[in-house]
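Listed after this line are the structures, all set down as C-alpha coordinates.
There are two complexes below, and they share chain A, which is joined by chain B in the first and by chain C in the second.
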Partner chain A sequence: MGELTLGVFSSLVGSMSLDFSFKIAEAAIAKGHKVNMWLSGNAVMMAKKGQKAFKDYSHNEKLMKELMGKGMEITVCEACAEARGYHKEDVPEGMKRASMDWYLAKTVKTDKLLHIGGE
Partner chain B sequence: MKLAIFLSDWRRTEDSFERMKAEKMGVILVGNGVYHAVVKENGKDSPVLSKAGASFYVLSDDLTTRGYTAANVNSKVKVVSYGDIVDLIMNDYEKSAWI
Partner chain C sequence: MGAVNLLFVVQRPPYKSENPRLALTHAIASQTAEIYMDDGDSVVPIIVFVGDGVLNAVKDQQAMKVYGVTSTESHIKSCLMIDLPVWVCKEDMERLGLKEDNMITNAEDMGADLKTKFVSFAEIQKEMDAVKHLLFF
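Showing the complex of A and B:
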(Lines of atoms letter the chains of each structure in order from A and count residues from 1; the text may use other names and numbers.)
(Lines give C-alpha, C1' and ligand atoms only; values in the text may rest on other atoms or scores of the structure.)
Protein backbone atom coordinates (compact mmCIF):
# COMPACT_ATOMS: atom_id res chain seq x y z
CA MET A 1 0.00 0.00 0.00
CA GLY A 2 1.15 3.53 -0.70
CA GLU A 3 1.05 6.99 0.74
CA LEU A 4 -1.16 9.66 -0.81
CA THR A 5 -0.78 13.33 0.12
CA LEU A 6 -3.62 15.70 -0.69
CA GLY A 7 -2.90 19.42 -0.80
CA VAL A 8 -6.30 21.07 -0.33
CA PHE A 9 -6.88 24.76 -1.10
CA SER A 10 -10.68 24.82 -1.49
CA SER A 11 -12.95 27.08 0.51
CA LEU A 12 -15.06 25.68 3.34
CA VAL A 13 -18.72 26.18 2.50
CA GLY A 14 -20.25 25.28 -0.85
CA SER A 15 -17.01 23.99 -2.30
CA MET A 16 -17.33 20.86 -4.39
CA SER A 17 -13.63 20.26 -4.47
CA LEU A 18 -13.45 20.24 -0.66
CA ASP A 19 -16.10 17.50 -0.64
CA PHE A 20 -14.09 15.67 -3.30
CA SER A 21 -10.97 15.88 -1.12
CA PHE A 22 -12.60 14.08 1.78
CA LYS A 23 -14.32 11.48 -0.37
CA ILE A 24 -11.12 10.58 -2.22
CA ALA A 25 -9.33 10.39 1.14
CA GLU A 26 -12.04 8.05 2.42
CA ALA A 27 -11.73 5.83 -0.65
CA ALA A 28 -7.94 5.72 -0.39
CA ILE A 29 -8.05 4.78 3.29
CA ALA A 30 -10.64 2.07 2.53
CA LYS A 31 -8.10 0.60 0.11
CA GLY A 32 -5.43 0.56 2.80
CA HIS A 33 -3.39 3.59 1.75
CA LYS A 34 -1.93 6.10 4.17
CA VAL A 35 -3.40 9.55 3.55
CA ASN A 36 -2.00 12.94 4.57
CA MET A 37 -3.96 16.13 4.08
CA TRP A 38 -2.50 19.63 3.95
CA LEU A 39 -5.14 22.35 4.44
CA SER A 40 -4.04 25.68 3.03
CA GLY A 41 -5.52 28.95 1.81
CA ASN A 42 -9.26 29.14 2.51
CA ALA A 43 -9.30 25.39 3.25
CA VAL A 44 -7.75 26.03 6.67
CA MET A 45 -11.22 26.95 7.98
CA MET A 46 -12.15 23.27 7.59
CA ALA A 47 -10.05 22.61 10.66
CA LYS A 48 -11.54 25.16 13.03
CA LYS A 49 -13.46 24.13 16.14
CA GLY A 50 -17.12 24.97 16.67
CA GLN A 51 -18.54 24.77 13.15
CA LYS A 52 -22.26 24.56 12.71
CA ALA A 53 -23.79 22.11 10.24
CA PHE A 54 -26.47 23.65 8.01
CA LYS A 55 -29.08 21.52 6.31
CA ASP A 56 -28.41 22.71 2.79
CA TYR A 57 -24.60 22.76 2.85
CA SER A 58 -22.17 19.91 2.93
CA HIS A 59 -20.50 19.44 6.27
CA ASN A 60 -17.35 17.34 6.37
CA GLU A 61 -16.39 17.57 10.03
CA LYS A 62 -17.82 14.16 10.97
CA LEU A 63 -16.12 12.41 8.07
CA MET A 64 -12.90 14.29 8.76
CA LYS A 65 -12.84 13.03 12.36
CA GLU A 66 -13.65 9.47 11.26
CA LEU A 67 -10.76 9.55 8.79
CA MET A 68 -8.40 10.93 11.43
CA GLY A 69 -9.47 8.00 13.62
CA LYS A 70 -8.34 5.74 10.79
CA GLY A 71 -4.92 7.35 10.63
CA MET A 72 -5.32 10.28 8.27
CA GLU A 73 -2.86 13.00 9.20
CA ILE A 74 -4.17 16.55 8.84
CA THR A 75 -1.87 19.55 8.99
CA VAL A 76 -3.04 23.13 8.68
CA CYS A 77 -1.02 25.96 7.16
CA GLU A 78 -0.12 28.10 10.14
CA ALA A 79 0.30 31.38 8.26
CA CYS A 80 -2.98 30.92 6.33
CA ALA A 81 -4.78 30.27 9.62
CA GLU A 82 -3.30 33.23 11.45
CA ALA A 83 -4.14 35.49 8.49
CA ARG A 84 -7.78 34.48 8.93
CA GLY A 85 -7.85 35.05 12.69
CA TYR A 86 -7.78 31.34 13.38
CA HIS A 87 -5.35 30.72 16.20
CA LYS A 88 -3.62 27.77 17.82
CA GLU A 89 -6.32 27.34 20.49
CA ASP A 90 -8.96 26.90 17.74
CA VAL A 91 -7.32 23.76 16.32
CA PRO A 92 -9.29 20.56 17.00
CA GLU A 93 -7.54 17.80 18.91
CA GLY A 94 -5.33 15.59 16.79
CA MET A 95 -4.52 18.19 14.14
CA LYS A 96 -1.24 19.96 13.66
CA ARG A 97 -0.30 23.38 12.40
CA ALA A 98 2.89 23.87 10.47
CA SER A 99 4.63 26.07 7.95
CA MET A 100 4.67 25.35 4.22
CA ASP A 101 7.88 23.37 4.82
CA TRP A 102 5.74 20.47 6.05
CA TYR A 103 3.91 20.28 2.75
CA LEU A 104 7.05 20.70 0.70
CA ALA A 105 8.69 17.83 2.57
CA LYS A 106 5.64 15.64 1.95
CA THR A 107 5.61 16.43 -1.76
CA VAL A 108 9.10 14.96 -1.97
CA LYS A 109 8.60 11.91 0.26
CA THR A 110 5.04 10.81 -0.51
CA ASP A 111 4.30 8.15 -3.12
CA LYS A 112 1.60 10.22 -4.83
CA LEU A 113 0.48 13.82 -4.56
CA LEU A 114 -2.77 15.46 -5.59
CA HIS A 115 -2.85 19.24 -5.21
CA ILE A 116 -6.52 20.25 -5.24
CA GLY A 117 -6.97 23.88 -6.17
CA GLY A 118 -9.39 26.39 -4.74
CA GLU A 119 -12.46 27.77 -6.49
CA MET B 1 5.74 10.70 -17.77
CA LYS B 2 2.34 9.19 -17.00
CA LEU B 3 0.07 12.07 -16.06
CA ALA B 4 -3.48 12.15 -14.68
CA ILE B 5 -5.24 15.48 -15.18
CA PHE B 6 -8.29 16.37 -13.08
CA LEU B 7 -10.73 18.74 -14.80
CA SER B 8 -13.24 20.09 -12.29
CA ASP B 9 -14.95 22.83 -14.23
CA TRP B 10 -16.96 23.42 -17.36
CA ARG B 11 -15.23 26.71 -17.97
CA ARG B 12 -12.87 26.92 -20.93
CA THR B 13 -9.55 25.61 -19.70
CA GLU B 14 -8.39 24.21 -23.00
CA ASP B 15 -5.46 26.64 -23.30
CA SER B 16 -3.57 25.15 -20.39
CA PHE B 17 -5.02 21.71 -21.02
CA GLU B 18 -3.89 21.66 -24.64
CA ARG B 19 -0.33 22.54 -23.69
CA MET B 20 -0.03 19.55 -21.38
CA LYS B 21 1.78 16.59 -22.87
CA ALA B 22 2.63 13.19 -21.47
CA GLU B 23 3.69 9.80 -22.67
CA LYS B 24 0.48 8.48 -21.13
CA MET B 25 -2.37 10.78 -20.17
CA GLY B 26 -5.57 10.22 -18.25
CA VAL B 27 -8.22 12.94 -18.01
CA ILE B 28 -10.45 12.57 -14.96
CA LEU B 29 -13.64 14.62 -15.08
CA VAL B 30 -14.97 15.57 -11.64
CA GLY B 31 -17.28 18.26 -10.24
CA ASN B 32 -18.62 20.45 -13.03
CA GLY B 33 -15.99 18.89 -15.27
CA VAL B 34 -18.41 16.01 -15.79
CA TYR B 35 -20.31 18.19 -18.28
CA HIS B 36 -17.48 17.57 -20.75
CA ALA B 37 -18.58 13.93 -20.79
CA VAL B 38 -22.29 14.51 -21.37
CA VAL B 39 -22.94 17.84 -23.10
CA LYS B 40 -22.65 18.57 -26.80
CA GLU B 41 -22.50 22.08 -28.21
CA ASN B 42 -23.81 22.56 -31.73
CA GLY B 43 -23.84 18.79 -32.02
CA LYS B 44 -20.14 18.49 -31.24
CA ASP B 45 -18.35 16.79 -28.35
CA SER B 46 -16.49 18.95 -25.85
CA PRO B 47 -13.03 19.88 -27.22
CA VAL B 48 -11.61 18.26 -24.10
CA LEU B 49 -12.49 14.85 -25.52
CA SER B 50 -10.38 15.46 -28.61
CA LYS B 51 -7.10 15.27 -26.66
CA ALA B 52 -5.06 12.87 -28.75
CA GLY B 53 -4.00 9.64 -27.08
CA ALA B 54 -5.68 10.40 -23.75
CA SER B 55 -7.93 8.11 -21.75
CA PHE B 56 -11.03 9.76 -20.29
CA TYR B 57 -12.79 9.03 -17.01
CA VAL B 58 -15.79 10.61 -15.29
CA LEU B 59 -16.75 10.36 -11.63
CA SER B 60 -20.03 8.50 -11.22
CA ASP B 61 -21.13 10.35 -8.05
CA ASP B 62 -20.70 13.75 -9.71
CA LEU B 63 -22.74 12.62 -12.72
CA THR B 64 -25.57 11.41 -10.50
CA THR B 65 -25.55 14.65 -8.49
CA ARG B 66 -26.20 16.54 -11.74
CA GLY B 67 -29.02 14.25 -12.90
CA TYR B 68 -27.04 12.17 -15.39
CA THR B 69 -26.48 8.44 -15.64
CA ALA B 70 -23.88 6.31 -17.39
CA ALA B 71 -26.29 6.14 -20.34
CA ASN B 72 -25.71 9.87 -21.00
CA VAL B 73 -21.93 9.58 -21.11
CA ASN B 74 -19.92 9.91 -24.32
CA SER B 75 -18.60 6.56 -25.49
CA LYS B 76 -15.00 7.84 -25.21
CA VAL B 77 -15.38 8.21 -21.45
CA LYS B 78 -15.30 5.51 -18.77
CA VAL B 79 -17.49 5.97 -15.69
CA VAL B 80 -15.49 5.45 -12.48
CA SER B 81 -15.98 5.50 -8.71
CA TYR B 82 -13.87 7.23 -6.06
CA GLY B 83 -12.15 3.88 -5.47
CA ASP B 84 -11.32 3.60 -9.15
CA ILE B 85 -9.79 7.09 -9.08
CA VAL B 86 -7.63 6.08 -6.13
CA ASP B 87 -6.37 3.14 -8.21
CA LEU B 88 -5.65 5.46 -11.16
CA ILE B 89 -3.65 7.81 -8.93
CA MET B 90 -1.79 5.12 -7.03
CA ASN B 91 -1.21 2.55 -9.77
CA ASP B 92 -1.63 3.96 -13.27
CA TYR B 93 -0.17 7.48 -13.29
CA GLU B 94 3.08 8.88 -11.88
CA LYS B 95 1.87 12.47 -11.43
CA SER B 96 -1.48 14.18 -11.04
CA ALA B 97 -2.52 17.72 -11.94
CA TRP B 98 -5.70 19.63 -11.01
CA ILE B 99 -6.54 22.34 -13.55
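Showing the complex of A and C:
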Protein backbone atom coordinates (compact mmCIF):
# COMPACT_ATOMS: atom_id res chain seq x y z
CA MET A 1 0.00 0.00 0.00
CA GLY A 2 1.07 3.55 -0.63
CA GLU A 3 1.57 6.73 1.30
CA LEU A 4 -0.55 9.83 0.64
CA THR A 5 0.28 13.28 1.98
CA LEU A 6 -2.40 15.94 1.99
CA GLY A 7 -1.36 19.59 2.38
CA VAL A 8 -4.51 21.50 3.26
CA PHE A 9 -4.76 25.30 3.42
CA SER A 10 -8.53 25.93 3.39
CA SER A 11 -10.57 26.99 6.38
CA LEU A 12 -13.14 24.86 8.17
CA VAL A 13 -15.77 27.54 7.67
CA GLY A 14 -16.10 29.22 4.28
CA SER A 15 -15.24 26.38 1.93
CA MET A 16 -15.79 22.65 1.67
CA SER A 17 -12.17 21.87 0.76
CA LEU A 18 -11.17 20.94 4.29
CA ASP A 19 -14.20 18.67 4.64
CA PHE A 20 -13.34 16.96 1.35
CA SER A 21 -9.74 16.52 2.47
CA PHE A 22 -10.90 14.49 5.44
CA LYS A 23 -13.22 12.46 3.18
CA ILE A 24 -10.31 11.70 0.86
CA ALA A 25 -8.17 10.73 3.85
CA GLU A 26 -10.94 8.47 5.16
CA ALA A 27 -11.26 6.73 1.78
CA ALA A 28 -7.49 6.27 1.44
CA ILE A 29 -7.18 4.81 4.95
CA ALA A 30 -10.12 2.47 4.24
CA LYS A 31 -8.12 1.16 1.27
CA GLY A 32 -5.14 0.51 3.53
CA HIS A 33 -2.96 3.50 2.61
CA LYS A 34 -0.88 5.50 5.06
CA VAL A 35 -2.07 9.12 5.18
CA ASN A 36 -0.29 12.23 6.46
CA MET A 37 -2.01 15.59 6.67
CA TRP A 38 -0.40 19.03 6.91
CA LEU A 39 -2.72 21.84 8.02
CA SER A 40 -1.53 25.34 7.24
CA GLY A 41 -2.98 28.80 6.61
CA ASN A 42 -6.65 28.93 7.55
CA ALA A 43 -6.80 25.13 7.88
CA VAL A 44 -5.18 25.52 11.29
CA MET A 45 -8.72 26.11 12.58
CA MET A 46 -8.61 22.36 13.23
CA ALA A 47 -5.93 22.99 15.86
CA LYS A 48 -8.43 24.35 18.37
CA LYS A 49 -10.00 21.67 20.52
CA GLY A 50 -13.43 21.94 22.09
CA GLN A 51 -15.24 23.42 19.08
CA LYS A 52 -18.99 23.04 19.38
CA ALA A 53 -20.65 20.85 16.77
CA PHE A 54 -23.39 23.19 15.56
CA LYS A 55 -25.40 21.69 12.75
CA ASP A 56 -25.05 24.89 10.73
CA TYR A 57 -21.29 24.53 10.40
CA SER A 58 -18.78 21.93 9.33
CA HIS A 59 -17.33 20.07 12.27
CA ASN A 60 -14.57 17.60 11.51
CA GLU A 61 -13.17 16.93 14.95
CA LYS A 62 -14.95 13.57 15.39
CA LEU A 63 -13.79 12.24 12.02
CA MET A 64 -10.33 13.67 12.57
CA LYS A 65 -9.99 11.79 15.87
CA GLU A 66 -11.24 8.57 14.28
CA LEU A 67 -8.70 8.87 11.50
CA MET A 68 -5.86 9.64 13.90
CA GLY A 69 -6.93 6.54 15.82
CA LYS A 70 -6.37 4.60 12.59
CA GLY A 71 -2.83 5.91 12.23
CA MET A 72 -3.29 9.12 10.28
CA GLU A 73 -0.59 11.62 11.16
CA ILE A 74 -1.82 15.22 11.40
CA THR A 75 0.59 18.10 11.87
CA VAL A 76 -0.38 21.74 12.04
CA CYS A 77 1.72 24.74 11.06
CA GLU A 78 2.96 26.22 14.30
CA ALA A 79 3.44 29.78 12.99
CA CYS A 80 0.01 29.89 11.30
CA ALA A 81 -1.61 28.64 14.50
CA GLU A 82 0.16 31.11 16.76
CA ALA A 83 -0.70 33.97 14.36
CA ARG A 84 -4.37 33.12 14.91
CA GLY A 85 -4.10 32.73 18.67
CA TYR A 86 -4.21 28.91 18.73
CA HIS A 87 -1.59 27.84 21.22
CA LYS A 88 0.07 24.55 22.11
CA GLU A 89 -2.43 23.88 24.90
CA ASP A 90 -5.34 24.29 22.42
CA VAL A 91 -4.25 21.44 20.16
CA PRO A 92 -6.53 18.36 20.10
CA GLU A 93 -4.95 15.21 21.50
CA GLY A 94 -2.85 13.35 18.96
CA MET A 95 -2.26 16.33 16.66
CA LYS A 96 1.30 17.62 16.35
CA ARG A 97 2.64 21.10 15.69
CA ALA A 98 5.73 21.78 13.58
CA SER A 99 7.32 24.32 11.30
CA MET A 100 6.78 24.29 7.54
CA ASP A 101 9.83 22.15 6.86
CA TRP A 102 7.88 19.13 8.21
CA TYR A 103 5.58 19.31 5.18
CA LEU A 104 8.43 19.69 2.71
CA ALA A 105 10.23 16.72 4.21
CA LYS A 106 7.11 14.58 3.76
CA THR A 107 7.16 15.28 0.01
CA VAL A 108 10.32 13.21 -0.31
CA LYS A 109 9.01 9.80 0.76
CA THR A 110 5.33 10.11 -0.01
CA ASP A 111 3.98 8.35 -3.09
CA LYS A 112 1.43 11.06 -3.79
CA LEU A 113 1.15 14.62 -2.62
CA LEU A 114 -2.24 16.30 -2.84
CA HIS A 115 -1.87 19.99 -2.19
CA ILE A 116 -5.24 21.63 -1.49
CA GLY A 117 -4.76 25.38 -1.57
CA GLY A 118 -6.48 28.01 0.50
CA GLU A 119 -8.97 30.73 -0.26
CA MET B 1 15.46 8.85 -2.38
CA GLY B 2 17.87 11.73 -3.14
CA ALA B 3 16.68 15.12 -4.34
CA VAL B 4 12.99 15.75 -4.93
CA ASN B 5 12.00 18.67 -7.16
CA LEU B 6 9.04 20.79 -6.12
CA LEU B 7 7.35 23.55 -8.10
CA PHE B 8 5.47 26.20 -6.10
CA VAL B 9 3.00 27.92 -8.43
CA VAL B 10 1.58 31.20 -7.11
CA GLN B 11 -1.48 32.53 -8.89
CA ARG B 12 -2.96 34.90 -6.29
CA PRO B 13 -2.03 38.57 -5.92
CA PRO B 14 -0.32 39.69 -2.70
CA TYR B 15 -1.74 40.80 0.65
CA LYS B 16 -5.46 40.08 0.46
CA SER B 17 -4.76 36.40 0.07
CA GLU B 18 -2.40 34.56 2.40
CA ASN B 19 -1.46 32.17 -0.40
CA PRO B 20 1.59 33.96 -1.85
CA ARG B 21 3.10 34.46 1.60
CA LEU B 22 2.50 30.80 2.47
CA ALA B 23 4.06 29.69 -0.81
CA LEU B 24 7.15 31.78 -0.17
CA THR B 25 7.56 30.74 3.47
CA HIS B 26 7.00 27.06 2.66
CA ALA B 27 9.54 27.23 -0.18
CA ILE B 28 12.08 28.94 2.07
CA ALA B 29 11.47 26.24 4.71
CA SER B 30 13.15 23.79 2.32
CA GLN B 31 16.40 25.06 3.82
CA THR B 32 15.68 23.38 7.15
CA ALA B 33 13.63 20.36 6.01
CA GLU B 34 16.69 18.12 6.33
CA ILE B 35 16.08 17.75 10.07
CA TYR B 36 13.07 15.57 9.20
CA MET B 37 14.75 13.66 6.34
CA ASP B 38 17.16 10.76 5.95
CA ASP B 39 20.79 11.44 5.04
CA GLY B 40 21.13 12.18 1.35
CA ASP B 41 17.54 13.29 0.87
CA SER B 42 16.66 16.86 -0.02
CA VAL B 43 13.95 19.01 -1.55
CA VAL B 44 14.76 21.36 -4.41
CA PRO B 45 12.09 24.04 -4.85
CA ILE B 46 11.42 26.54 -7.62
CA ILE B 47 8.82 29.25 -7.07
CA VAL B 48 6.96 30.60 -10.07
CA PHE B 49 4.47 33.47 -10.30
CA VAL B 50 1.70 33.20 -12.89
CA GLY B 51 -1.57 34.98 -13.64
CA ASP B 52 -2.35 37.75 -11.15
CA GLY B 53 0.38 36.18 -9.02
CA VAL B 54 3.00 38.09 -11.02
CA LEU B 55 1.95 41.17 -9.03
CA ASN B 56 3.85 39.65 -6.09
CA ALA B 57 7.08 40.35 -7.94
CA VAL B 58 6.51 44.08 -8.48
CA LYS B 59 9.38 46.06 -6.95
CA ASP B 60 9.35 48.89 -4.39
CA GLN B 61 6.44 47.49 -2.37
CA GLN B 62 5.47 49.55 0.68
CA ALA B 63 3.68 46.86 2.68
CA MET B 64 5.31 47.73 5.98
CA LYS B 65 4.38 51.39 5.58
CA VAL B 66 0.82 50.73 4.42
CA TYR B 67 -0.22 47.48 6.11
CA GLY B 68 2.42 47.10 8.82
CA VAL B 69 3.49 43.71 7.47
CA THR B 70 6.55 42.41 5.65
CA SER B 71 6.31 42.60 1.87
CA THR B 72 6.30 39.73 -0.58
CA GLU B 73 9.22 41.63 -2.10
CA SER B 74 11.30 40.93 1.00
CA HIS B 75 10.35 37.24 0.86
CA ILE B 76 11.19 37.02 -2.85
CA LYS B 77 14.55 38.61 -2.17
CA SER B 78 15.11 36.11 0.65
CA CYS B 79 14.51 33.33 -1.89
CA LEU B 80 17.13 34.77 -4.24
CA MET B 81 19.52 35.17 -1.34
CA ILE B 82 19.35 31.43 -0.55
CA ASP B 83 19.67 30.53 -4.26
CA LEU B 84 16.05 29.46 -4.54
CA PRO B 85 15.00 30.07 -8.16
CA VAL B 86 12.26 32.66 -8.68
CA TRP B 87 10.46 32.63 -12.03
CA VAL B 88 7.86 35.07 -13.34
CA CYS B 89 5.60 34.43 -16.33
CA LYS B 90 6.37 36.87 -19.15
CA GLU B 91 2.97 36.61 -20.86
CA ASP B 92 1.12 37.45 -17.63
CA MET B 93 3.40 40.43 -17.03
CA GLU B 94 2.58 41.67 -20.50
CA ARG B 95 -1.13 41.19 -19.86
CA LEU B 96 -0.87 43.46 -16.81
CA GLY B 97 1.31 46.01 -18.58
CA LEU B 98 4.38 45.16 -16.51
CA LYS B 99 7.93 45.41 -17.85
CA GLU B 100 11.07 43.93 -16.31
CA ASP B 101 11.92 47.44 -15.06
CA ASN B 102 8.82 47.26 -12.83
CA MET B 103 9.83 43.95 -11.28
CA ILE B 104 12.16 42.55 -8.63
CA THR B 105 15.05 41.44 -10.80
CA ASN B 106 17.64 40.72 -8.11
CA ALA B 107 18.51 40.95 -4.44
CA GLU B 108 21.93 42.47 -4.80
CA ASP B 109 21.20 44.68 -1.78
CA MET B 110 21.04 41.46 0.27
CA GLY B 111 24.15 39.98 -1.32
CA ALA B 112 22.36 37.53 -3.62
CA ASP B 113 23.94 36.34 -6.86
CA LEU B 114 20.82 34.66 -8.22
CA LYS B 115 18.51 36.79 -10.33
CA THR B 116 14.79 36.54 -11.11
CA LYS B 117 14.10 34.63 -14.31
CA PHE B 118 11.38 35.91 -16.63
CA VAL B 119 10.08 32.91 -18.51
CA SER B 120 7.41 31.94 -21.01
CA PHE B 121 4.43 29.90 -19.89
CA ALA B 122 5.67 27.10 -22.15
CA GLU B 123 8.81 26.88 -20.04
CA ILE B 124 6.71 26.80 -16.86
CA GLN B 125 4.59 23.98 -18.28
CA LYS B 126 7.75 22.05 -19.13
CA GLU B 127 8.86 22.37 -15.52
CA MET B 128 5.41 21.32 -14.30
CA ASP B 129 5.87 18.09 -16.25
CA ALA B 130 9.36 17.54 -14.91
CA VAL B 131 8.91 17.96 -11.14
CA LYS B 132 7.73 15.29 -8.72
CA HIS B 133 5.21 17.48 -6.93
CA LEU B 134 3.26 20.61 -7.86
CA LEU B 135 2.01 22.94 -5.14
CA PHE B 136 -0.57 25.50 -6.27
CA PHE B 137 -1.10 28.54 -4.12
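Please note the rule applied: the second predicted complex is superposed on the first by the 118 of 119 C-alpha atoms of A that agree within 3 Å, B and C clash if a C-alpha of one lies under 4 Å from a C-alpha of the other, contacts with A are read in each partner's own complex, and residues count from 1 in each chain.
Here is the rule we go by: a residue touches a chain if its C-beta (ideal position, glycine included) is under 8 Å from a C-beta of that chain, and two chains touch if they have at least 3 such contacts.
Note that this is a predicted model, so its numbers are computed, not measured.
*Asks:* In the superposition on chain A, see if there is space for chain B and chain C together, and answer fit or clash.
*Replies:* fit
*Asks:* Given the touch rule stated above, what does A:109 touch, chain B (first), chain C (second), both, or neither?
*Replies:* A:109: touches chain C, not chain B.
*Asks:* With the two complexes superposed on chain A, say which partner A:117 touches: chain B (first), chain C (second), both, or neither.
*Replies:* After superposing on A, A:117 lies in contact with both chain B and chain C.
*Asks:* Quick one: the Cα-centre angle at chain A between chain B and chain C, nearest 10 degrees, please.
*Replies:* 70
*Asks:* If you stack the two complexes on chain A, which partner ends up touching A:24: first (chain B), second (chain C), both, or neither?
*Replies:* In the superposition, A:24 contacts chain B only.
*Asks:* In the superposed arrangement, does A:65 touch chain B (first), chain C (second), both or neither?
*Replies:* Neither partner.
*Asks:* Taking the superposition on A as described, I'd like to know which of chain B and chain C A:84 touches: first, second, both or neither.
*Replies:* neither
*Asks:* Going by the contact rule set out at the top, does A:34 touch chain B (first), chain C (second), both, or neither?
*Replies:* Neither partner.
*Asks:* For the overlay built on chain A, what is the smallest gap between any CA atom of chain B and any CA atom of chain C, in Å?
*Replies:* Least C-alpha distance: 5 Å.
*Asks:* Please identify the positions on chain A that touch both chain B and chain C, taking each partner from its own complex.
*Replies:* On chain A, the overlap between the chain B and chain C contacts is residues 113, 115, 117.
*Asks:* Note which residues of chain C are touching chain A in the complex, please.
*Replies:* 1, 4, 6, 17-19, 22, 25-26, 29-37, 41-43, 45, 132-137
*Asks:* Give every residue of chain A touching chain C within the complex, in rising order.
*Replies:* Contact set of chain A toward chain C: 7, 9, 40-42, 79-80, 99-109, 113, 115, 117-119.
*Asks:* Provide the residue numbers of chain B that touch chain A in the complex, in ascending order.
*Replies:* Where chain B meets chain A, its residues are 6, 8, 30-32, 61-62, 81-83, 85-87, 89-90, 95-99.
*Asks:* Considering the complex alone, what residue numbers of chain A touch chain B?
*Replies:* Of all residues in chain A, those touching chain B are 2, 4, 16-17, 20, 23-24, 26-28, 30-31, 33, 111-117.
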